[in-house]
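Chain lettering (A, B and C) follows the sequence in which the chains are written, and residue indices restart at 1 in each chain.
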């Protein structure tokens, strides 16, 4: 088997990967749970984040500033996208939504190609976070990865507090539960939808931004992460943010340990997990 | 199950005329067009078979699968594995084997996937298909990202598939047989059951139908037919790669079925031709000034898809139907 | 004593902490109509779902004929001889009236899996469908698209579809919902026509129809049975008068 330090490293990696997946899955499951829209282009926001991190940090020379700017831009982008396009598809067939968002993937990929080219780029880990925490005599763990996990945890907590402790969150939950009733009670549903959508976009973009030093920046990076995100949402149950968290951590750990312990099966393990869950609970573990 | 679009099962007279005219053109084409274009048309016919197989699943049964291309590609790979480097392999045994391989894969994947509904179904079909994609992409033994070659067209004994014209008519014949078979199926008890499942699965169960079994059967049959198309694709192009199984290919198939109009198989054929033609047209766009328009075909295709789904969600057949309704047409099967 | 074709025994359905149906027992006899009435939210629809297999009870049992069918899937229970109609019209709107009923009848035929023969060439299925359409009074509407017929005719179609599977037990959930007087009268006649051959549970709000049709009456309030007996007995029951019918009803 593995020694304790290796185990700890893989554990931390698995949790970090899981938390990153959660950032994406939370947005996807919220948007679907509340507005009923499936968004295949969700992975494109992740890619957008990575490219923003690269170009903004090249531009400003400051990673933190790049993240902050990127976050603001992504919220604006999300609001515009919702207003112009997605809003009109809430009541449409899932098939229409699939096609729409598939078309968007093409548009986003090509726009990215035009704006930023097709080369692979790296984003430097900011100096402040460039150190490593020693675990044993010869093994250490990168601080940056801990930072990533920390950011995800903070955002997850923020999301939890927003949804369960604020009035906005209450309105969001009310709108999800019964749209007409919420409207009758004076909740501005259109605003709620816009806010939820923007949050989803922002979470995915931020995930791409903070992951960029580790994953590097390359074309099509959105589609790989999208699949994992879908698997997480299917296992966790559509509409359940809590389910997304538990499922994301599960997937992150299974994938990470699987690659180390069972390398021949590595890519398939997560799908086998999904298949097993589907046999037991076809609507996910925490279906609303 | 989320495909609730309205359907055209009975073909209006205008459409029947259009199809008949198209058939005449298809038969005549190798004599009036060049070899190169004939090959393009043959490829469109192969895609039409692929689209019809998806129409059975999506248009008739109402199951929107983002993973249908996995079964298309698998059969192509089956042919590639079965064809030795130096010689052709027999058509009459490899074709059934390839179809069976795709059908079996569809049966196994379907067993897990068909128990889900609505958006879950879309997501898990995508996930399983990507699993198949990565299986081939990541393993050199299966060809890896480079793919595999099919060095010789299968040997048919009775005729020579290496002759491009023969291959063309062979493909045309298969497309017609598949169309006739699926039209027959549409009006059979099995077909009516699938249509019922699409319209109101809940009521079908309340009436005593074990809908899971029917959906699984449709999923398997659709997968097998996709395999038939994939085999022909591998034979025609001589090359298979993981992209054939990817979700982009699946999404293109969905587009073809939507573009032409769902649920009657004629739309799938029309949509396949139209979509592929459009794709080639976009890719062939000239370079204006410093901008290579053709290179950015994904942008045009993406815009086209967005515009189509926003303004004409029922596709070309929807337009035809509206026009023929205005003229007071009636049609028979 | 007529045979009991369906027996619901102390059915309870809990959603979280709330018991939508609480220890409800109902028996259905051949040739009799057992009406279940109660205010909105009393749990009548939930009870129907529990009997048809759309929901599984938390505790309690459902016995259909000789067999215990508790927890069976809806299709299994249907094949065991139970049919139901729905409160909210649940038909195949884009199909013709004929196709709606034919498909229902086809569910009982062994040939549903046939994929090359024409569906409308099967005599026995067609006969069963015709009979159900006749009984439901829709013979002159056969070729109309179900989405284009009147609301009352759609409710008749609901019944025709549940008859086409030749069930022994019928669960009818508010068949008169949304009907005008003439239509309601037609429906009552329909129900009287089919009564002799089936054991029927009728969930209804239309009190005139209930008292015209019911051989036995059960009153539910807040998930529980507060009275059960002949219509006369129930009318006279003080609990029922105060809880549901209102004081001063004869």
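Just so it is clear, a contact is a pair of C-beta atoms (placed from the backbone, for glycine too) under 8 Å apart; a residue touches a chain by one contact, two chains touch by 3 or more.
Note that the structure is predicted; figures quoted are calculated from it, not measured.
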Any chance you could name the chains that touch chain B and chain C both? none
Going by the average position of its CA atoms, which chain sits the greatest distance from chain B? C
Chain with the smallest distance from its CA centroid to the overall CA centroid? B
Could you put a whole-Å number on the gap between the CA centroids of chain B and chain C? 43
For the pair chain A and chain C, the C-alpha centroid-to-centroid distance in angstrom is 48
Chain A-chain B separation of Cα centroids, rounded to whole Å: 32
Help me check something: in the complex, which residues belonging to chain A touch chain B? 32, 38, 85, 88, 92-96, 98-100, 102-111, 113-114, 223, 227, 230-231, 233-234, 238, 267-268, 271, 274-275, 278-279, 282-284
Within their complex, state which residues of chain C touch chain B. 52, 54, 73-75, 78-79, 84, 90-95, 99, 103-104, 106-109, 111-120, 122, 161, 165
Complex contact set, residues of chain B against chain C: 6-7, 184-185, 187-193, 195-196, 199-200, 202-211, 214, 217
Provide the residue numbers of chain B that touch chain A in the complex, in ascending order. 2-5, 58, 64, 66, 112-113, 115-120, 122-124, 126-128, 130-131, 134-135, 138, 247, 251, 254-255, 258, 296, 298-299, 301-306, 308-310, 313
